[in-house]
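What follows is a structure written as structure tokens; I'll ask about it next.
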Amino acid sequence: MSIMEKPVFVDVKLQEVRESGRLEYRSRALPTWCPGCGYFAIVEGVTHACNEMGIAQDQAVVVSGIGCSSRFPFFVNLFGFHTLHGRVLPVATGIKTANDTLTVIGVGGDGDGFAIGGGHIAHAAKRNVDMTYLLFDNGIYGLTKGQTSPLSAVGLRTSTSPFDNPERPLNPLLMVLAYGASWVGQAYAGRPDQLREMITQAIAHRGFSYLHILSPCVTFDKTSKTYVNLGMQVRDLPVGHDTGNRLVAMQQAEDLDNPAIGVYYQQLLPTLADTFDQVAARASGEAGV
Amino acid sequence: MTAHTVSSSSSPHRYVIIGNGVAGNQAAEGLRDRDPEGQVTIITNSRLLFYNRYRLPQLFLGHQDWRELLAHSVAHYQQRRIRVRRDSRVVGVDAVRRQVLLAHHEPVAYDTLLVATGGRWHLPEELADGRHLLHGFGSYEQALAVRDALPDRGTVVMLGGDMIGLDLARVLLTADCRVILVTHETTFWPHLVSPEQRAGHLACVQRMGIEVVDGDAMGGVVAIEPGSAGLPARRVRFRSGGDLYGDVVMPFYGLTPLVEFMVGSGVDIERGLLVSPMLRTSDPRIFAAGDVCQIWSEQAHAYRFYYGYQNVRAMGAVAALNMTGGDEHFSTTQDETLGQDAQGHIDSPFWVYD
Amino acid sequence: MTDIQIALCGSAGDGTIAAGDILRNAVAALGYRVICFDLYPPEIRGFGKCISRLRITAEQSYALKRQSDLLLSLDDSHAIPLVGEVRDDGAVVYESQPVAHCPEGSHMSGHVAPGQIPYGIPLRELAEKSTGGARSRNLVALGFIAGLLGLAPAAFQRVIEKKFAKQGAGVVARNLAGFQAGFAAGTTTFKLDDVVCAPPGSQPDQGKVVMLSGNAAVVQGCLDAELETFFGYPITPATSIMERLATALPKRGRRLLQTEDEISAMAATIGAGFAGARAATATSGPGLALMAEMLGLATMAEVPCVVFVSQRGGPSTGMPTKTEQSDLNAALYGSPGDSRRIVIAPTNVEGCYRCAGKAFEMAERYQTPVIVLLDLYLSNRYETVTLADAGSPFVLNANKPLRRLETGEIYRRYALTDDGISPRAVPGDAGCMHVITGLEHNELGRPDDREEVHEAMSRKRHDKLLAALQHPDFTVTKRFGHAGRVRVGMLAWGSTFGECLEAMFKAQAEGIACAAMKVVMLSPFPEQAVASFMDDCEVVLVPEVNHEGQFAHLVQGVLARPVVRLSRVPGAPMPVELILGEIRRLARGVVTAVAS
């Protein structure tokens, strides 16, 4: 599995990538991220997934908030809406309400999703909006050059916590599981193949899918969520993990020291569109009486 | 014993007057003059402010808006701060708690009370069944109902024929109506008329154009019935078997004091409320004035009624004086003799008002 | 000429508002013009005061009157303080047989002024006799009023049947019986008041007359403009827009979502607008504040969306059940940056309908957020409105047509054009992939903060809106009253214009040369029309229901000319007499210098 097993030659790889059709999903804009940023892997993952699934470029919308990760829409050749800080989910909900047939992918960072926009996740999960939410967790505010985020580890020194972060981080997976999201998974940008597979599954899920992506900030975090640290900490979910059991999923999510990678939980539930249809059917039925 | 506390500004004295007629309104004005701080409240069953019922017959001389009947303008009440609780029926007086009880279950507290409810038209018991077929003449609404029920040149049958009725009869005649008077012992009430005088007065009445039917000779009226088809709306049957038709039948058997609500209050009642010449009842906080009260007369050594506009107004004034600590006796100069005018028509001092 | 005002007052649960509803619909069916305004208690349950006021006229009127001609009390504790509004020789109708003992002073009979006519009616007893219970007491009272005024009962019966049909034949029968008993009592009661309801005037030749509240008219406008999605969060006094749409939209297979807050409501509205749906939300001042950042995004990203804002007393939570016009500044300027948008404010219920539909046309045509400013008084008041017989009066697709792309051509979402409006593609349009953003951007929509780009794009976003001042079939401003030069001119916006018109008519009757202009479009500001009106006026009065004189500020700021302010915050409509007094004062030549 490891890329170290067999040598890879660049021209062969390029040829393979060009032929795959995946580049059609890349925009001409070059990403503004720092060299080595985990987010490059996410772009690769999304374009790969869209390509694999045969999603037409003009039938997909990427919605983002504000932050490093939220620049994402400019780097893919899909429809995109770079909205306001924290408002990925309500804007995406509006888009899905207007047009069910679109594939909607929300992207945002940990500050965008769990600080300013924290109130929206519960409602998008509860409504089971048929979309995918990719949460890029680097545990820091990168675009504004390194401030503490609600997912920053205890003791992380940043420009806004110069005496080290005294607060405990949130447990995002536990929260999203408790909100009743119908698909919950975690991936690590340092394992691109697995990441790509997880993104594909998340998009394929009918309903609200939440994928938490651990990703180092190579510029502002040299001590906490580094490739070295995360590489040592992450583990796979146990073999035979029951994705239909939310309590088991929550038990796994409890472990923040050794985050587990994989699909925690999935369940098929009526989506927001289903509930709209149901209401319309009842309304027209009543009108006929 | 004394109820003659005049108001202090901290606790205004509460004067309550039951009745919105001549006596009540005269008293209200007097009370306001004598006690500028007092709270003066008139309670009345009527929806209207005080209007002069002596002018009601004029409704038959072309339409008049009821507002023209009003004795006082709205400003009169506002300026004098006299509250008039209209459309409110009194069902009792609790002399112990000093409360007037209204039909809608509201008490009105008083420090001094004046009862000036006057009288309502009297009806002999045997006619009670036909009550709904009779037209009273006590209020503006009733007067208009008579007018509406009366066709052009219609016929009015007057039973009894007290002086209120005869006053109306005079006007009806000028309006080209036919008036039939069915005599009764109450004819000419409240004048006391001897049998000899009576014949002469009846002759006068006939001279005026009123048809007179001797009620006693017919055995008295026994029933009022709806008229048959093609005939006027009402039929009056006599004991003798005879009958009379009219568009409107009106009882004018004199007035009965309106005192039912005072039963249970503890004050002395004979037919009316019994009062001293100072118009005080047996309860020192309750006074009475007008047609509702019988005043002790030293001369007659009896309690007696005093009728007429002048008397009633004088009583209102005396009551106001005495309710505010005065010590005035009611006295009268009212002429009570039924006379005749130049044309030989009857003329009563009770018809005079200003 | 009939012009009477009836006030109904009771506590929540007495059926006061229901009685008012039946009355207004019945008299509208009889052919009268009606304006009504209900006041509800801020409390949810219990014994709060409810007042329903109706002005019934032969010809269109523009505001309620200061004095009522008839007051019905279904609860004396609430109605006693209102008895002073009944004019002399007007009627006061109340319960003459209350069930419980009344403490002294608690019964209406003790409070009717000497000039008013008391009608103590055994409402409860009549209800019990006719229906076996006291619940139809409000219908008995209504019947009494109809009987007293000599209104035809058939119209009432039809309205009662329709209103209670859902609750079953028993309830219909009970209420009809109650009404009938009251009607009989009303016709046999000796009428002493002089409140007269003459037969109504002639009916309009075309269109149908319906009775609508301001919020209901907004909803009708939304439906006739074929609104597709609505997102909202409950807030007084805008909630009834969402409530009505919650029934109406699903019946048409369309979608309404109650969001978790106003930020989400606005965000989803913009999301839906971006995705190509006709989208709207409705809120009040506090919600508008939460939407401010999102509205700026819609301006920047040029996304069509419509926001209905029904103002209430402020600032902050303020007075949720009282009316005010103090969110003008927030509507005009309440977003960071140069974020101009279209702001329109109807002046009456019919205007609510037209502005609602036209707002969608404008949002689509100019690719901008449009705020429709209402207020509690306008939202909750009912008026008879004449609607077109058939068909929508609105342009249902006002989008600028999209050109087919050449092969290899990249779609330019923000292409600079002569009129500032760029052809708009939406997700799903073949080959038109693009990203829209709140960042300053170039024609492609890519982030770009160079000086020349920001200058050009700022100009584009502002100048494209100026065309709205000539928007087809839309009244931007309108002048009423005397033509030519006048002594006093009034400039007014929103619901207060009705009171201004009434005051103007009275002033004209007194021989004062005066005119009034309603300004419906507040942004972009119709500078020319207002300036030429002001040219005709020796003095200009600006009445508005806010403390700061926000509209006066706007006029003075744009035109740099003096105006006389009449700014009051009574929590209620501006009294006509107050405006009239000011007109008289100004007509006499007393002009207070205005600091500017």
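In order of appearance the chains are A, B and C, and numbering begins at 1 in each one.
Keep this in mind: a residue touches a chain if its C-beta (ideal position, glycine included) is under 8 Å from a C-beta of that chain, and two chains touch if they have at least 3 such contacts.
Keep in mind the model is a prediction, meaning the values are calculated, not measured.
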Contact graph of the chains (line, ring, star, complete, other): line
Between A-C and B-C, the pair joined by more C-beta contacts: A-C
Inter-centroid spacing, subunit B versus subunit A (mean Cα positions, whole Å): 95
Distance from subunit C to subunit B - Cα centre to Cα centre, in angstrom: 57
Between subunit A and subunit C, centroid-to-centroid distance (C-alpha), Å: 45
Subunit B residues counted as touching two or more neighbouring chains: none
Sites on subunit A at which at least two other chains make contact: none
Subunit A residues touching subunit C - in the complex, by the definition given at the top: 29, 57-63, 73-74, 77-84, 87, 89-95, 97-99, 101-102, 119-120, 122-123, 127, 272, 276, 279-280, 282-284, 286-287
Subunit B - residues contacting subunit C, complex: 47-49, 66-67, 74, 77-78, 83-88, 102-109, 141, 144
In the complex with subunit B, residue positions of subunit C that touch it: 88-89, 95-98, 100-104, 106-107, 109-110, 112-115, 117-120, 190, 192
Interface residues, subunit C side, partner subunit A - complex: 228-229, 231, 247, 250-251, 253-255, 257, 259-261, 263-265, 267-277, 279, 293-294, 297, 301, 427-439, 446-447
